[in-house]
Amino acid sequence: MKVHECDAREIFRRHGLPVPDWRVASTADDAAQAASAFEWPVVIKAQVLAGGRGKAGGVKLADSPAEAAAAATQILGLNIGSEPVRRVLVAPAVDIARELYLGVVIDRTAQSLVLMASAEGGVDIEEVAATNPSAILRVNVDPVVGLPDWEARQLGFALGLTGAQVRQFVGIAQGLVEAFVDVDASLAEVNPLVVDDAGDLQAIDAKLNIDDNALGRQPDIEQLRDPHEESEAERRARAAGLSYIKLDGTIGCMVNGAGLAMATMDVIKHYGGEPANFLDVGGGAGVEKITTAFELILEDPNVRAVLVNIFAGITRADDVAAGVIAARERLTQEVPLVVRVAGTREAEALELLDCAGIGAERSMDSAAALVVEAAR
Amino acid sequence: MKVHECDAREIFRRHGLPVPDWRVASTADDAAQAASAFEWPVVIKAQVLAGGRGKAGGVKLADSPAEAAAAATQILGLNIGSEPVRRVLVAPAVDIARELYLGVVIDRTAQSLVLMASAEGGVDIEEVAATNPSAILRVNVDPVVGLPDWEARQLGFALGLTGAQVRQFVGIAQGLVEAFVDVDASLAEVNPLVVDDAGDLQAIDAKLNIDDNALGRQPDIEQLRDPHEESEAERRARAAGLSYIKLDGTIGCMVNGAGLAMATMDVIKHYGGEPANFLDVGGGAGVEKITTAFELILEDPNVRAVLVNIFAGITRADDVAAGVIAARERLTQEVPLVVRVAGTREAEALELLDCAGIGAERSMDSAAALVVEAAR
Amino acid sequence: MSILLDATTRLVVQGMTGSQGSFHTRLMREAGTRVVAGVTPGRAGASVAGLEDVPVFNTVAEATQETGANAACIFVPAAFAADAILEGVAAGLDVIVCLTEGIPVLDMLRVMPRVRASGSHLIGPNCPGITTPADGVKVGVMPWAVHSPGHAGVVSRSGTLTYEVVQHLTDLGAGQTTTVGIGGDPIIGTRFIDVLSMFEADPETHGVVLLGEIGGDDEERAATYIQERMTKPVTSFIAGKTAPPERRMGHAGAIVSGTSGSATAKESALRAAGVLVGETPEHAARLLVDRLR
Amino acid sequence: MSILLDATTRLVVQGMTGSQGSFHTRLMREAGTRVVAGVTPGRAGASVAGLEDVPVFNTVAEATQETGANAACIFVPAAFAADAILEGVAAGLDVIVCLTEGIPVLDMLRVMPRVRASGSHLIGPNCPGITTPADGVKVGVMPWAVHSPGHAGVVSRSGTLTYEVVQHLTDLGAGQTTTVGIGGDPIIGTRFIDVLSMFEADPETHGVVLLGEIGGDDEERAATYIQERMTKPVTSFIAGKTAPPERRMGHAGAIVSGTSGSATAKESALRAAGVLVGETPEHAARLLVDRLR
């Protein structure tokens, strides 16, 4: 789950990061009024979850209430990455002497957190990683132990900071790691972390993504979810425990397991078809879940045939079969359906389907070939 | 530093321990009034830092306001371990089905915390340790990682608790470890941790000692210090950075380093004398510190001679010599003084003392023999 | 021979009294696995339908002491699974298979240093488990019927895709020494390289199918290992060629690993290491069967 | 020969720019120690009076890379000392001597797992350091003048008591291979047993004086080690026979160690292990000198 900048700022500030004051506004008037609380110039920033906000014109400076209102009007009229801008953040503009990058993510290989810092902040850090990887300094951090002072200090000196700045940096780096651990983040980033004209460090941006698996124990963070983050279909899928991504093809897919779901799409493509979606029903698929899955697939007007491919392990194939039968009875649309079930309780499942008059393919390949044919 | 039961209760409760409500009173009337807020009977407990409170008559039950007032009057009249009782704690008496012991201390050998639990709670746990050591269960705990659920659960089952009680116990054991770490304790103890008639666990006593070295970062805990915990002389010693313990002999001792201070006492005894005190001036001894040390020693009317034994390492012998000279000039009392200085800046120190007309012994043995002679 | 499990495996099932735990424990017994104990805190002595002869204990330590269990299978909700892993590690189990899906990443980061410092092999979490057909041992939820004894090793990040490939191998007459589902989470106890080295050392395993998917760089690291250390043939299928760019995989992930995580990149790395990469799961199975002939 | 330090020791002083750090660094140099660097964060390039030729760095890593330092001496305030130890460990130093007094116990508990997992020897904290007279190396604050080269090893929990005994050894004509003050805190990096095993393995050390004091059970554990493993003569003095029952040592401490921690108990344990226990520090020194004749 992604967290909006304004909420991430609040969390970072709570962990001691020097985040300049800000206000949030959803109209140009409010933005102009909010700006008047600060010294001029102010910066006005689109609050969207998509990246590339600056390039899309979502960040502007303003030197007066009129300019602030004009800038806010422009930004509130934007769509950034297909996401309409609903709110702007207003904050005093900082005189920037240097821009650094600071971020914390999971390091899968080292199985720890990794704190990344770069003297080349402000720009696209992926770009730095691709063109000048040695400009990114990394420190692995044990989330239980936290970041030791000496290691934060060493990093601060390596970034070319002075003694007094390094003392600030130690608190910032440790605070960012603490924030990451505290909210079960998957990404916590300050880009840029700036040195202002007075030589002090300031965190003038804040980015925070949360580990979806941990939201159950982060009720305060769950509250920050932007209902617009996902489409209505995705929201319904998530509520039902399904993983659904809409694509552009004509063959609806319902599969258990992400790996098999992707393989099924690959095989459909191999036989000349185009998948209309990725849909993983996960483990333990009951009637409601299967019904919702069918609904989601059939709402897509491009869908001309549906492939159900279940290889049951922890799931029971007979449960899935019962779900398919019940769902089919409830649904009105007539779209060709190709079913393949195998694995745990396979025999019972095939019997159920047979009784319901639904034929079943034995292999994924034959099922894919058949559904591609049906969708033509 | 020792923390009073009522303060320890507050800290334990903050970490989720089930501590029954209580009030604190310093007069019998207040105690009776406080008791009326609870159901009868209530328990009235002396708030003293010394141990052996129960045996000394410092804990009584009361079944009415009159009984409560009478019990409080009795307890407030007691001296427990030379400590007058100034306050009592009043709490509802709990119907006890079982008494357990739970404590956290430092395990020097394993270099970790150790959680100790016993099904034989309520009694003197030292007695259990001496007579039936296997009745005490131990779990080493890494203070960084904390106590894992499974290990707390395993301990709970080993104490003979039921499934529901074990769930309570896990929270209590983890809370006690967290409290220990949170306040930099050296001991955190619940004795007894009781199972009440309803089968629920309740922490009806609370004991907490703090690591003196950590008080600098525990300002809230430092506030809880009982000024009566130490004598006026001890308080002055601590304020001056001295470690002072009064004893019964006639030879005042001023030594740097606890080991050498104890050895000096041993050697005095070896030559037939009796030390009047233990006094470690520690490292880095300036004029003020030495002066305070002399004052403390000479306030003891039993002192008939003083031995200064300094073997300088991190301390500078010349600083000590200057301190001795200055202190001698300020002091009016005439008590024989034997000085031995050696080590870092020894030559400079001897020269200073010589100029001031103070002779110095070369060895601890000769100095001890001399001071024993002088004290006769 | 096989890897990780064999005829000496004595299994304790953590969470056996739950509906999923009891259902799959019965299936594991049908496959031939010696399930010697169940563990559910507070349910010691409970009797589970169809498993009346399997004693239930409060703790893994007790189960291990009483029954000589040396492996565990974890069916415990995500909020408690990391703790269940630590309990198995502390009890000194050789193999711990954690099926639980949805464990927070930080929980696994907290667990892994202790797993690595121990002598326990953790498989998973979020994995289907392990099968060794010749010994009749299955730990986890893989459909037993698709398996057959033989000389192919299978290692996979995906659950159901594994069954698919094992089915093809069996259909093509190629049985398996051991099939290991290592799990699809970012932080897992045993990775491709660990399993490949076990297969390389196992004389009964003559070749390996490696099933990967988009994301992370474990396939690329496996490719390096195969090139430098493996003498046995390896074939592979990488799921996700037609998948949209993985949305959950943020930018910084790619910065850390230094790879794109795409199916094409993984296939290239594997091919460069001499691995035969199949177009479909069935193709990957057939490629291995051809090599083993 | 000697233990822990020798002519190859190249020392970095953490906290060298402070008044105590600079004073004692000058004394270490007078003794002959090769002090190659100082470290004070934010003071890189600073010049310290009397130590103008010793470069000051911001970090231990930098100091080590630039100067080849392999040992550290820590003069850092208690609140920062645990971190300074970790910095030395991370830089891969062989020996880290921490003189700082008053470090909170929990800080040391947090540090020790990392020290133990490393190749670094931590001496202290709250210790006077190490001397190896034949090599002219002193790390710490022991008064150099009392030392002389020879064949006695000295290990002690107490600072100033150590100087006392070393002085007696020197006066009695018995020089020292190495003197190690291990420190008086409850949690220390190197304990009696560790140093005894080094002395046992060092051919130049012919006998050892062990200086203990009341509290804890390290002397009792040392006694067991001496009885089971040591071939060289050991004499001892235990301070605190006349001390009042140690007030800081709570009940639970005794429960954990299972010993009383009294001087008498320690003396008995040592005597039972064949250690000659002196009545005074001078007596303990003389007993060793007699055994080495």
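For this structure, a couple of remarks:
Lettered A, B, C and D in written order, each chain numbered from 1.
Assume a residue touches a chain if its C-beta (ideal position, glycine included) is under 8 Å from a C-beta of that chain, and two chains touch if they have at least 3 such contacts.
Predicted, not measured: the structure shown is a model, and the values here were computed from it.
Chain pairs B-D and B-C differ in how many C-beta pairs they share in contact, with the greater number at B-D. Centre to centre, using the average C-alpha position, subunit B and subunit C are separated by 54 Å. Averaging Cα coordinates per chain places subunit B and subunit D 27 Å apart.
Centre-to-centre, using mean CA coordinates, subunit C is 50 Å away from subunit D. In subunit B, the positions touching at least two other chains are 144-145. Looking at subunit D, residues 110 sit in touch with two or more other chains. If each chain is drawn as a node and touching chains are joined, the picture fits none of the line, ring, star or complete shapes. Contact between chains, using the touch rule, shows up for A-B, A-C, A-D, B-C, B-D.
Against subunit B, in their complex, subunit C makes its touches with residues 41-44, 58-62, 80, 83-84, 86-87, 90, 110.
Considering their complex, residues 20, 23-24, 27, 78-79, 99, 101-106, 108-110, 112-113, 116, 128, 140-143, 145-146, 156-164, 167, 184, 186-187, 211, 213-214, 216-218, 221, 237, 239-244, 247-248, 250-258, 279-282 of subunit D touch subunit B. Those residues of subunit B whose C-beta lies close enough to touch subunit C in the complex are 145, 148-151, 153-154, 157, 162-164, 166-167. Those residues of subunit B that touch subunit A in the complex are listed here as 144-145. On the side of subunit B, the complex with subunit D involves touching residues 51, 103, 105-109, 111-114, 116, 125-126, 129, 133, 136, 138, 142-144, 181, 184, 186-187, 189, 209, 211-214, 216-217, 245, 247, 255-260, 262-263, 265-270, 275, 278, 282-284, 310-314, 316, 342-344, 346, 363-365.
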